[in-house]
Amino acid sequence: MNFILEGTINGILMGSIYGLTALGLTVIFGVLKVINFAHGSLIMVSMYVAYWAIIFTGVHPYIALIIVVPVMYFFGYYLQDIIIKPIFKAEKDIREPITVIIVTTGVWYILDNLTLLIFGPQYRNIQNNPLRGKMLEIGDMLISVPKLWGFITAVITASAIYWFLQKTRTGRAIRATSLDREAASLMGINQFKIYNIAFGIGTAIVGISAVTLVPFYNIFPTVGVLFDIKGFIIVVLGGLGSIGGAILGGIIIGLIESIAPMFMTATWAEAIVYGLFLVVLFVKPSGLFGVKYDW
Amino acid sequence: MTRKNINTSAFILLGFVAFGLPLVLRSPTYLHIIILLYLYAYLTTSWNLVGGFAGVLPLGHSAFIGIGAYASTILSLQYGISPWLGMIAGGILAAIVGILIGLPTFKMRGAYFALATIAFGEGIRVMVENIDNLGPLKINGPRGLQIPPTHIGFVNYMFEGKEPYYYIILVMLMGVLALTYFLSRSKIGYYLNAGGEEPEAAMSLGVNVARAKLIAMAMSSFLTALAGTFYAQFTLYIHPKSVMSLDFSFEIAFIALIGGRGSIAGPVLGALLLRPVSDFSRIYFGSTLPGLHLIIFGTVLILVMIFQPRGLQEPLSKIYNTLLDRISGQTRQGEVKHEYS
Amino acid sequence: MNILEINNLVKDFGGLRAVDTLSLSIEEGEILGMIGPNGAGKSTAFNCIAGVYAPTKGNVYFAGKKINGVKPWNLCKNGLARTFQIVKPFRTKSVLYNVMVGSFVTTDKTSVAEEKALNVLKILSFENKKDERAGKLTIAELKRLEIARALATEPKLLLFDEVMAGLRPAEVDEMVQIIKKLRDQGITIFVIEHIMRAIMALSDRIVVIHFGKKIAEGPPQEVASDENVIKAYLGDEYVVS
């Protein structure tokens, strides 16, 4: 019995980290209304940045946030500004440009393979970090400490973003743009600047999620692919643009991944995730917590 | 010569070259590369029926390749049925699956539709990877199925050299191009284009957009599955990661997009331009610079989408038409413009 | 014969009643106009006829048959065509291509559709633009294209949704002549319009809608001087009593 409880708790913890990785995606998807297929690659890049930051400075992994967050913010900001903005300008009156999906796929291919070329295919991890392999004992259950840290980070980040979007001027501008970009620009909001900022913030959140992963996850050029698809499933599950939805969606996935293998093979668990995704898409495409937007 | 005559002569000449190529090009390696080139051109053209004409972005088409490959292979290995018949069976099965997928997904908006097709494609792949036996049928999960190269002969869709495969895929490619050509000039083609561009207006003009899209999907999945059988018989080994992968689906879609979806020549052009790049960078740089061809692919993708979002066939066909005008001294007149370039 | 009959049509959107027990009928060969202040429910009523919405209550009859909730493409095949207030041309295709899409309702062959489409363009004095890319046309030309496409489906009843919007006075007059020509060809016309000069010149009868209800009906002159109509448009102060 405790076995299942342990699995449930660890599933929730890992799930919250998944949710954190998808949080950046929901902000970008919610505001720009585009699928950013480079999402997984951004996670991968963040993980490498975090890795090198920790290796060179030898600090506690979470201190690397100081470096990773600004770096990834600007990376995302300029990625949007230089590569994606021209597409938007060309397809201004289409509601969700398909071309951006294609372009971001190109970015994905380039980032993943450039990383492969430069850093090689080998798996890296940070062996001697203070969190690695640490377990918390509660009764006769073992709870993963790095995942616990991840859970706490996820909750803090989600709350911070929620506060930012609700209470700050920029946050409100972002929400306005996501609801109706033309109306927002008529209100004096510079649409493209908002996109850049939103992308920057989304990528910065990705950076935070990478820092939570780095203590226990392996780092290699195609690590992002796993998170890419999972990220979209989570965003659709939770409802696009919904912050709570992203975290909760992630937790659902985390739970399925941790409990299902007790009753079936891991790959069937994968099939269940896809199946659930499709059911949500058909039955309630706006997701569990999403608002029904007409788009 | 009139403009139309020059155009027709050019095509006939191209046909001669294509049919005569194996007589001149003896190297099996190069023949193999060209066969795969034709295969991709065929796949992208078939994809175009949905991705181009119907105006949506399907990213799970490799599932149909897999269905075709597995259907004909299982039928021939376990029941001794000729792969040609198995090919038709696979095509029909794929068409049914395609319609089932299309029914709920065509109602979705672009981004969601793309995600749904990915989920379907991956879902089917994951299921096949998990199943060793489906009742009496041996599927073999991730290990896949191997076709022993015995029983050479037409009935068994098995040949000694590469040449027969070359001609098969060439004929298939020409067939699918002809189909696309006639489709674009037919009622269903007009309806598909209209429904893809302005569904509301099309509906008010008598077009059952949903039904047109499903018809396109059925055709596309049927034709794609036929290529699956070809692939199986040509490479003699199929497994989920090779015939049903996400990468395969993406590759087909993006080659078609770079070439120009919605046009007839676009997908073929895309394959003609990108496959050699991919092949050569893999052959010459595969060990020293792994993944280079994907970096090139990604860069081309981005550049084309920024500068020529309707694909490279637009500027290329402008050049071709200008050339035709100059040579014949006439301009394009009197034809209904079925596609705008 | 009444080609269109609406009985007690009600359309609700959640808590909002957009159309409130509307009843009207159109005789074959008539031109009926519908006017009303913005938000009165004209477009909603229109869309209930055109198959975009299914009525919440009440019935719509076309040529004697009930058409509640029948899909737009089936309505079109039975002779009910419409244009859109915000034009929706197939922008990447030529004018001729656009019209041919409509012609295919009556034929399966491309050559026949092409011929029919050319005829339609001739009727509307538009054939000189047949090879123009629709995306490049002016707004007046686009409106004409909307009509051409709908006309190509060989309708018995044509619904025009603010087809004059955005046109200059000279263009409006041209359009009025075109629509009158269509009626002379035997097509019944139902127009929603804001531009008074057009609707007064065109309509045999006018129906006035306000807050989803019919508040007046009759020949143009009568309706123009109707108390309720003046009140609805301009307010109480303007009613001369």
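Quick notes
The chains carry the letters A, B and C, assigned in the order they are written, with residues numbered from 1 in each.
One rule holds in what follows: a residue touches a chain if its C-beta (ideal position, glycine included) is under 8 Å from a C-beta of that chain, and two chains touch if they have at least 3 such contacts.
What you are looking at is a predicted structure, and each value in this text was computed from that prediction instead of being measured.
Taken together, the touching pairs link the chains end to end in a line with two free ends. The innermost chain, defined by the distance from its C-alpha mean to the mean of all protein C-alpha atoms, is B. With every chain reduced to the mean of its CA atoms, the largest distance from chain C is reached by A. Taking the mean of the C-alpha atoms as each chain's centre, chain A and chain B sit 33 Å apart. Chain B and chain C have Cα centroids separated by 43 Å. Centre-to-centre, using mean CA coordinates, chain A is 49 Å away from chain C.
Counting partner chains per residue, chain B shows two or more touched chains at no residue at all.
Residues 50, 71-73, 76-77, 81-82, 84, 88-94, 96-97, 100-102, 104-105, 108-110, 113-114, 131, 133, 149-150, 152-153 of chain C are the ones touching chain B in the complex.
Across the interface of their complex, chain C is touched by residues 185-187, 190-191, 193-194, 197-198, 200-209, 336-338, 340 of chain B.
Note for the complex: chain A touches chain B at residues 33-35, 83, 86-87, 90-91, 95-96, 98-99, 101-103, 105-110, 112-114, 116-117, 121, 229, 232-233, 236, 265, 267-268, 270-271, 274-275, 277-278, 281-282, 285, 295. Chain B makes touch with chain A in their complex at residues 57, 104-105, 108-112, 114-116, 118-120, 122-123, 126-127, 129-130, 250, 254, 257, 289-292, 294-295, 297-302, 305-306, 309.
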